[in-house]
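Each of the next two complexes has subunit A plus one more chain, namely subunit B in the first and subunit C in the second.
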Partner chain A sequence: MSRYLAARILALVPAMFLLVVFVVVLVRLLPGNAIDIMLQEQVKGTGTQRAEIEKRMGLDRSIPEEIVHYSFGAIRGDLGESLWSQQPVTTLIVSRLPVTLKLGVLALGLAIVTGIAIGVLSAVRQNGPLDFLLRSISILGLSIPNFALATLVIVMPLIWWGWSPSVIYTTQGDNFIGHYTQFVIPGVILGLSSSATLMRITRTSMLEVTRQDYIRTARAKGLAELRIIVRHALRNALIPVVSLLGLQIAALVGGTVIIETVFGLPGIGRLLVTSLGIRDYPVIQGITVMTGVSVMLTNLIVDLSYNWIDPRAKVG
Partner chain B sequence: MIDSTYWSRATAGRVSRRRLIRGGATAGLGLATAALIGCGGGDEDEAAPAATSAPAATAAAAATTAAAATPAGEQIKRGGTHHYPATTALNDEMDPHKSTSQAAILWSFIGNTGTRLDREATKVVPELIASWEQVDDTTLTFTVRDGKWHSGRAIDAEDAVFNLMRISGRLEPEQVARYQRRTTLTGMDSAEAIDEKTVRVKFTQPTSTFLGGLSDFRNSWVPRDFFDNGGDFKDPNTLVGSGAFAIDHWEDEVKSTFKRNPEYWKTAGVTDTWPAGAENLPYLDGLEIVWVPDTTSAIAAFAGGDIDYILNPSRTDRETIKKLNAKAREEIWPFGNWHHWRFNPQRKPFDDVRVRQALFRVPAYDVLANEALGEGYWNYTGPLTAGFGAAIPSDEIAKMPGWNPATKDADIAEAKKLMSAAGMDDPTFDVPIMPPSATQAGFYFDSSVRMIDMLKKVWPNINATIDLPADSATFGKRQVEGDFGTIIYIIFPQPDAVLELQSQYLSTGSRNYGKFKSQEIDDLLLKAGTQFDSNERKATLIEAQRKLITDHMAMVTIDMPNYTAWLNPYVKGMEGFGGRIDGGAYDAWRHTEHMWFDK
Partner chain C sequence: MTAEHSIAQAGSTAVFREPGLLSKALAQTSRFTRRQPLGAASAVVVVLLVVAAVFANVIAPYGPNENNVGPSLSGPSASHLFGTDNFGRDMFSRVIYGARISLYVGLGATLISAALATVLGAISGYFGGPFDYILQRFVDTAQSIPALIMLIGVLVVLGPSINNVMAAIAFRFALSLSRVTRGDVIVARSTPYVDAARSIGGTDMRILFRHILPNIFPTVIVLISTSIGVVIVSEASLSFLGYGVPPPNPTWGGMMSSSGRTYMLIAPWMLIAPTIALSLVVFAMNMLGDALRDELDPRMRGSR
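Right, the complex of A and B next:
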């Protein structure tokens, strides 16, 4: 197992390097840079003046130079400075991370609990009215874009009852309870589509497992249905669910961009949107690399968890 | 009287009865103000530095403020915290002299500029510069206001010199391009403190634009010892200004709070500013910036009273506000920004003035503006934005060929003749129209679509298309590099009529993105920059504008939109506050010092 773990971690190194290359190249392929925006009020200010500013900001480096420079910086934990605010990127990310983590954990937790529970229920009641209802709900959850749902949740209560969920961010220091409750509605909306996805894969996987001989044997032995479902079927049905869960992390990070904007939450997603608009390369790169590494590590954990879920998987 | 027609245009003519009645109060207040400050005379129609010292404006300005800040029968209440909704991150370096516009939001609360324009943009009025004297054609002296920085130190002449040098980029020559307002101080040769409160400014040539240039809302002053005292524009928590509010805590996109400056210099005795001081400004205890990046969310927060106002909502959003917050009231005022359709004369066939004139005559500009902005929310404007007193008035522009809806058929006939004269009876050339972002909605995109339709109706084979940039940064790059056929966009004007026209039409103008070049226009605009007599200056500018329309048409001015603020009913002191050339939303932010809450 330890050799497997070491090999997997080692394999992450080239993946991370490729990620850096990809990000640095891609960001620079965007037309226009921060200086174009800084100097957009004037046709003059080009030539040597512009070159001077580019040099000061490190924008004069070629792409290979930047890849090397950025990679060595990243190894030391230095992701550069924002071209605009001049703040270290790590400081910016660390300051925004708690908000995104709270939102993400809530959304993911909700997605796991509801998605798996409903998926199991749906499988157990296959082709019954409940199954039909739950599948319809899951299709609905997958079909409604979260930005539309978020807007509806804000506007409709205002029209009907003169109330709407707060879109003004409350800090923990201002109101401890208010701080945490403000994540509930955006968390539910963010988790909805993941929940629906998990529900569908859980249902499918459960249906497959419950047709296996060992389940039939368990039933023949007279085991209680709940025990059969939870102890024998669900655990074996979880591998594809957990695999999908790893991929859902990346989807959730993408979803935070919209949800954080609509609900006024100052997280990583909003920082990314803002930085893209002003071509703040170091911040864009920092967030993308951080997200990419998070997804890689999550998937590593998911792979390692196969052993625990199903010892027959014999990972490593 | 230009001013009266201006304000009445904002509320009459194309507006509903209800809006007319509601707007009447605003217009009435505006007219009363104009009359009180004596700026309605035809001789004072332009924001030229009339070598006036502060006392000349004293009594009139005081009366203005009384009317604006204390509506009849209302007792001003002190206290409360204003919640200002920011829609985007304020993550620029908060250097007022380098930042494109973000720092100006923050500095609108904590800072002051050297001068300001009055609401009608007819006069330069004192702010941190209390009075001035034009000693000769190339020398001006001014006196600095008795006031204090938030640090407690008195503002002095050395502070003024520091700011003049800094705004003009001379303190950091290797970064001079980043000092984007340096052109507002065009012609300044040197500045020196001749005593504790007096500054002498020398110019390389007679320069009439200096005091107007200082009024740019982004030219806030910072204390000369800012850096020595540990100040850092990267950390807004360290900023020190002279304004009504001081920074208490800054955390971008999270929460930023400002507290009342108890020693603010605008008191009842200060009557020469616009608006004039009042006893112990500001009225509020503080303000808080809250971030609501999504428009619908902001409207919901506004309806719920979590934020106090919404600034300049789109036509669609106005309807949403009316549905969700029926008690909200609207302030509307003419605003100097101007939508335009800019040609690139460096590219064929836009190098041919006949082609430019022909293209100009076809679109129905009233249709474009009514559809995108709504009736009553815009004004006609010529080459100089109609916000300036020295501009050809909106009413006159409305009757000119090209703009006049009543003569559109004749204009189109003339357009066909002009195109034929340019050798194209059935033009097939490309007319790429580049909007400022990839957003496929809103004024620019919608107007582009309509313009293409209008052009194709006249010339079916013309290849008019939308040249959609990848995003706004791409647009900025292509605009600056002159990489476009035509552009549809909006311009935030310079604070002085001459500076504004020079920036757009002078062959070396900082915003002459199409590199338009005309010796006669250059001569006229340079001449205007040396004229101190406001009448002579205005005459020169009017001549330049007429020539630009009839002989050049380097770009088409589509309209000058009105600016609107939607206020919750308890928000007071913001009645009739908007200025024509003072920055739209920045008017609201700077006017926060007069805001009070009736709750």
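Right, the complex of A and C next:
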């Protein structure tokens, strides 16, 4: 186990290094006139300002130098400064983090609970009308893009009842209950496709597991059906579900970009969109690195949790 | 797989002695329809999409960017089935032409990424070694950056255009899909028939092309059929955020963004028509992909 753990952590190093390479090279590849456009848009550019901006984007260093500089900065929690507000990128991200975390945790929690529960139910009633209905709903959930659903959820109630979910952010201080309830609709929409994905893999996996000999043995022992499903089948069926969870987390983070934009929630996704709009490249780089590292670490935790779920999976 | 397969083949040859290509195809279609009714219905929707995309210039009564073909922001009527937008453009025509972009990017990006994933997966899985290790770290990194964020980043650099969107999506998906093909190649590499091929002196190239690739082909088909829907949504999401196919191209995602949202209260049809078109097509693609996977993926047998 410890050897496996060491190998997994070691593999993170090149992956994180490549992540930094990606964001550094990406900024270098920007069309040559990007800074000109930036200067025209924001201020009347003078020679000194141009040099100043290039310096803050790290363009005065060679690519290898910048990669080393950025990496060491990132390790110390320094992701550079915003070009316009001149605030540290880390501060900007940390100030937006609670909104995204609340939204993400709600969506992920919903996706896990409903996805697994419905998947088990569907597998237990395989090919029955309930299974058919649940599977159709799940494919529907996978098919309606979240921005389409989010838009419909805002537009249709407005047309029918003249009411719509709020797209203006309520802070915790303004209205405590309103602050938390505003995450419910966006969270459900964000979690929907992950829930459908998890439901489908749970169902498939449950169907495979319940055909195994040891389940027949458990039945032959006369165990209660519920106990067989929950204790014997589900625990083993969860392994592929958990391995999919890592990818789902990345998908959820991507989804927050759209959901926060549509519902006007000031989280990291929204910060990314606004930063893109004003070409605040250090912030864009910082968000990319931060989400990338978070997803890598979550994946590591997910991998390690195999051992906890499946005692057979003594890896390494 | 093989036993079931050969029995099925023996059965079909017994029934259809010397079957013509057409009758064989018909028989397969009718069997597919019987076993996967929803899949067949979805196939009809997909065919309609292809027809709409290919014959958009015949079906659509107006050009997609023809201004003032009717009063602007008028509701659905006989002359404008889905109403008109703020420039007086016919929404029905725009939605029909939108099918062309969705299908072009969806199919193009999926096929390119599947081809790339097969090559990468084959080299990585078959030869292993440093190339495999480095490529896998690239995949780790790519998968850790949410696809949407990575695609936006790449498109900021490349600049928005239909082909750039297609290339960016294809590249991103190829990295993820290569992990699946790699896994299959690793399994195929250690099978007795590959050992046999090697023991009679087969070269690596011959083993790869004649023995391993044909065996991972079903996986690739499944990957293609299950990816198209996701790819179409990716293009629509990018266009929705303004980093995809640039206006005035009639993309469904683009129609649902700025102008559609500005006028959503007085002209909701501007938003609803492309939303339904997009959702219906992705739904059909996913249903069809599911049905095809159930039919083709040997791992799914017995779980139905």
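What we mean here is this: the second predicted complex is superposed on the first by the 285 of 316 C-alpha atoms of A that agree within 3 Å, B and C clash if a C-alpha of one lies under 4 Å from a C-alpha of the other, contacts with A are read in each partner's own complex, and residues count from 1 in each chain.
One rule holds for everything that comes next: a contact is a pair of C-beta atoms (placed from the backbone, for glycine too) under 8 Å apart; a residue touches a chain by one contact, two chains touch by 3 or more.
Please read all numbers here as calculations on a predicted model, not as lab measurements.
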Which of subunit B and subunit C A:Val167 touches, first, second, both or neither: first
First, second, both or neither for A:Leu30, with subunit B first and subunit C second: both
Partner chain(s) touched by A:Thr91 [first = subunit B, second = subunit C, both, neither]: neither
Which superposed partner A:Arg56 touches (first subunit B, second subunit C, both, neither): first
Which superposed partner A:Leu18 touches (first subunit B, second subunit C, both, neither): second
Which of subunit B and subunit C A:Glu208 touches, first, second, both or neither: second
Partner chain in contact with A:Pro266 - subunit B first, subunit C second, else both or neither: first
Which of subunit B and subunit C A:Thr181 touches, first, second, both or neither: neither
Which of subunit B and subunit C A:Val155 touches, first, second, both or neither: both
Subunit A residues contacted in one complex by subunit B, in the other by subunit C: 30-31, 151, 154-155, 158-159, 261
For the subunit A and subunit C complex, residues of the former touching the latter: 11, 14-16, 18-19, 22-23, 26, 29-31, 127, 136, 139-140, 142-145, 147-148, 151-152, 154-155, 158-159, 204, 207-208, 211, 247, 250-251, 253-255, 257-258, 261, 272-273, 276, 284, 287-288, 291-293, 295-296, 299
Subunit A - residues contacting subunit B, complex: 30-33, 36-46, 49-50, 52-53, 56, 82, 84-87, 95, 151, 154-155, 158-159, 163-164, 166-169, 171, 174, 261-264, 266, 270-271, 274-275, 277-280
Subunit A-touching residues of subunit B, taken from the complex the two chains share: 83, 88-89, 91-93, 98, 100, 174-178, 180, 183, 234, 251-255, 290-294, 296-298, 300-301, 303-304, 306-307, 323-324, 469-477, 479-480, 482, 508-513, 515
Partner subunit A, residues of subunit C touching it in the complex: 38, 134, 137-138, 140-141, 143-150, 152-154, 156-157, 159, 229, 233, 236-237, 240-241, 243, 253, 256, 260-261, 264-265, 268, 271-272, 275, 278-279, 282-283, 285-287, 290, 300, 302-304
